[in-house]
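Next up: some structures, all given as structure tokens.
Below, chain A partners chain B and then partners chain C, in two separate complexes.
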Partner chain A sequence: MVAARPARPRAPRWRLESMADRRLGRLAIRIAALVLFIGIWQAAGDDSINLLFPTFTRTVSVWWDLVESGVLPITLLITNQTLFVGFLIVLVLGIPIGIFTARIKLMDKIVSPYLTFLVAIPMIAIIPVIQALLGLTFAARVTVVVLFAIPYVVINTAVAVRRVDPVLTEMAFSFGASRLMTLRDVVLPAAVPGMMAGIRIALGQALIGMVVAELTIVGAGIGSLIADLQGRFRVAPVLAVACSIVIEGIILMSLVEWIERRLGRWSKQ
Partner chain B sequence: MSGKADAAISIRSVSKYYVSGNGKKTKALDSVDLTVNRGEFVSIIGPSGCGKTTMLKMVGGILGWDHGEVEVLGKAVEGPGPERATVFQSFALLPWMTVIDNVSFGLKVRGVAKPERYNIARGLLKSVGLGDFEHAYPRQLSGGMQQRVGLARALAVSPQVLLMDEPFSAIDAQTRLILQTDLLDIWSKTDLSVLFITHAMDEAVFLSDKVVIMGARPGHVTEVIDVDLPRPRNEATRRDSRFVELTGRVWDRLRGMITDPNADVAA
Partner chain C sequence: MTLSLGLGTRKYGPFLLSLVVLAAIWEIVGRTANILTLPPLSSVLVAFGKLWSSGAVTAPLFDSTMALLTGLAISLTLGSAIGIGMGMSRVIDVAIGPYVKAGLSAPLIAFVPVFLMIFGIGSETRIATVVAFSIFIVATNAATAMRTIDDRLLEMGRSFGASRWAIFRDIRLPAGAPYFVAGLRLGVARGVKGLINGEVLIAIIGLGGLVKKYGTVFSMDQLYAVILLIVLYASVAVGGVTLLSNLLVKDKANTA
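On to the complex of A and B.
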């Protein structure tokens, strides 16, 4: 029946490893690490001149000023439009392309070189090309996000679809399932954990792409805010803005991981 | 031996070639003849590479062949059909589906509505002894229980011909004996014709009316042994001297092929 947990030798309570085995212990360790990090940050910071690396408390107060004045919420909103539209395109195009790449040889031959190209070259190098094509527009920024993220969705989807146990598709075929039915009821569900892993990596890439697009293709959003603040040597606000992106990234990643865990529960153990 | 009308499965002088990567043609099956009469339980046993699973897949409509004829219930096989169902060696359960959804998979494919297919599935789960596990997931079950689900899924589409591809080979020896008895119990209440592939000699003899012994390189039928043990068969059957004798006969034929791989090449 349900597999029993492997027996663990009893360890004294105060050991760090035994703490990590408990939920509460893990939380305590995490909080302690965060407090330590903030403490070091606070100690390393110097608030005597604005040019120097700011303390944690100054960063927080500057961050709050940016929030209160409405600058940060508006720029975040603009930036996230790029991310949202870009990532939506990544999913809507990437997953079907991945499936077709796995199932149709010709498609694989056509798509694969471009994927290799997209993964292998530093994306920042082709941003001028995109800018020349599309100008300083929303479309240009979205294109950058898509190019950053889409290879990971396509490749992981294709691999996941290819790795579906052939016995399962044979089983479906033997019961008279059509190709479409087999795809919907057997291949896709079996490929979900692999696809989700690709989507998680792609999200990280999309976040990078989003900021890079705004830093290089001057237009709007967080990137141009950072560029502007940097130009005026305002280090603390730059750090505050950067931290906002980091926090957003952590939240979005946790969300995707949570979905991944829920959808992939059956594949564990 | 029997008229055409009585045959559930009829394989007549079937040959099959495999083309390997370098374009070389290898004969996998050489003019094989095999008949499974209606309601009969027939096992195929033979060394690895003798093509026994290939034969089962041909009958299932999953693999094609090059010469000869394969018929099920008097109709030429052209692909999978509703009168046949397969039980797989590795169970082939869908791990993201509960037991009851797995059992009703074949019915779903055929467009049976959910309440009705659950009804049928529940009845079958009870008959394979898994009445309390309909909401469990496959990974929560032992191998033996998973194969009971596989059997229930095959029976759910009410087939007339059941194809079993080494169904118990991944299951421990004790559970296996119990599954064999339970399979015979279920089969005896139906008029199913069964084609059963196995590596285990005692299993073949215990279950079958006929044991077909196959040789390899290329695959061919060496001998058909009629098993005249009375039914219903039970634990006493395993101690019957006739059972021991028949198992010995199967082993004698197989042993020759294993010790001298060239001794049995068809002329």
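On to the complex of A and C.
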């Protein structure tokens, strides 16, 4: 005879699930996942021929060779100049354009459709045009970075400025604040979180632009390093270079996210 | 009718006017200045017409679309599976969440040279690029879709003795549908970019290959025509999936 079991009040919880609630448990899970990931990479790799996917250990040792010889640091530095200058231009041009777009109706009507369009299309398609105009130069690579990133800063700044509570600006006006003062002391601080979100997305796009520019408008940076290694059919160093760029990207994105959180707290005060 | 037309011109009037002005400037400068890099708009349009009618773009267009669809299919199945796992289990979320988040924002395009060396200049490289561009946004949205569910609904399902599978199918999936659809839309938008990026970097196949082909020989009117084609292609893909997602979500809202 089978006794009717009382229905359990809750579905049984996994023992493992409760691990995710503790700090130490989370750390253990993350380490286990990392070990598993590296283990799979190691097992999937094959070092017998240069042309095959390399193992983890070989990639790391090749990476160390590139770092020690100074090739990777120098090329990365050169490549990052493009990113730095390009992103600076994006900020200096993008934020004011965004503010104007939000505050001037006619500007909004004219500029906004182009921006939505620029976000939707694959910007890489116009690189041959940039190359024909500017040649294989630093300026051409910077232009690519700017074109990849600037729409996101402009759009997000415009949206953030437009969303500022009208009660705030009206109050400022009624206390006799000028347009400029309202913009500086009321609108901009309130718009900072939205602007930072745009800057974070734009950084991600600028990083893509940097890599695309390096690979298509080849200069002295990682583009030429990769082209050289590709020509000699060395997969492991190319993978090592690619991983370095990806890790650099992750670090930069985390940095911007951290700034975003800090500024978000400041903006709320 | 007249009212909506009037509103339309008021809303889009300045933009359309600026478009006409830009086109006119392009045509005039292209004709008078006679710069190699800026052929007049009319000759670009003629080149586009010739390219289209000659059938030179039919094969690359088909080829690219097949690669895009294959890559998207992989991204949608694998990405949804990863995202559903992350949304249902805290352990999976803690274990692979950081990788998904990193993959969402890191410049994965840097891996294209690696794909190129391992997979060769065939379709696999493009497909891998499409997957790398789109899988993480699909996974993130699928995870959000699983998490947005109202706890009271889950509790009710459990108290009525619904199995895990029944709860998943009848409660979690319908509730998360808008996020899945958003994931699909963003996945397609990113996937198209991945496709063209991959093709331009591979430089031989598909629409991106045409860019390289005309770009290297400075055949500018044809180059602009191909760029125009790519822009149209991306717009149609993104616009189509946006339309589809609007229909899907509205449908769900009606039946719910």
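The criterion applied here is as follows: the second predicted complex is superposed on the first by the 234 of 269 C-alpha atoms of A that agree within 3 Å, B and C clash if a C-alpha of one lies under 4 Å from a C-alpha of the other, contacts with A are read in each partner's own complex, and residues count from 1 in each chain.
Simple rule for what comes next: contacts are C-beta pairs under 8 Å (C-beta built on N, C-alpha and C of every residue); 3 or more make two chains touch, one makes a residue touch a chain.
Just so we're clear, the structure is a prediction, and the values are computed from it rather than from any experiment.
J.: Taking the superposition as given, does A:226 touch the first partner, chain B, the second, chain C, both, or neither?
T.: Touch status of A:226: second partner only.
J.: Going by the contact rule set out at the top, does A:110 touch chain B (first), chain C (second), both, or neither?
T.: second
J.: Under the stated touch criterion, which partner chain does A:93 make contact with: chain B (first), chain C (second), both, or neither?
T.: Touch status of A:93: no partner.
J.: Could you tell me if A:167 is touching chain B, chain C, both of them or neither one (first, second, both, neither)?
T.: After superposing on A, A:167 lies in contact with chain B but is clear of chain C.
J.: Can A:189 be said to touch chain B (first), chain C (second), both, or neither?
T.: A:189 contacts chain B only, not chain C.
J.: Determine, under the contact definition given at the top, whether A:71 touches first (chain B), second (chain C), both, or neither.
T.: Neither partner.
J.: When the two structures are laid over each other on chain A, which of chain B and chain C touches more residues of chain A?
T.: If we count touched residues of chain A for both partners, the winner is C.
J.: Let me test your reading of the model: by the given contact rule, A:176 touches which partner, first (chain B), second (chain C), both or neither?
T.: A:176 sits against chain B, while chain C stays out of touch.
J.: Quick check for you: in the superposed arrangement, does A:266 touch first (chain B), second (chain C), both or neither?
T.: A:266 sits against chain B, while chain C stays out of touch.
J.: Jot down the residues of chain A that show up as touching in both complexes, chain B in one and chain C in the other.
T.: Of chain A, no residue contacts chain B in one complex and chain C in the other.
J.: What residues on chain C touch chain A, complex-wise?
T.: Chain C reaches chain A through residues 11-15, 18, 36-37, 89-91, 93-96, 98-99, 102, 105-114, 116-118, 158, 161, 164, 189, 192-193, 195-197, 200-201, 208, 211-212, 214-216, 218, 220, 223-224, 226-227, 230-231, 234-235, 238.
J.: Mind listing the chain A positions that touch chain B in their complex?
T.: 1-2, 165, 167-168, 170-177, 181, 185-186, 189-190, 192, 266-267, 269
J.: Give every residue of chain B touching chain A within the complex, in rising order.
T.: Residues in contact with chain A: 60-62, 80-82, 84-86, 88, 90, 92, 94-96, 105-106, 108-110, 137, 139-142, 157.
J.: Mind listing the chain A positions that touch chain C in their complex?
T.: Contacts found on chain A: 7, 10-11, 14, 16-17, 19-21, 26, 29-30, 32-33, 37, 51-53, 106, 109-110, 112-114, 117, 120-122, 124-129, 131-133, 200, 204, 207-208, 210-212, 215-216, 226, 230, 233, 235, 238-239, 241-242, 245-247, 249-250, 253.
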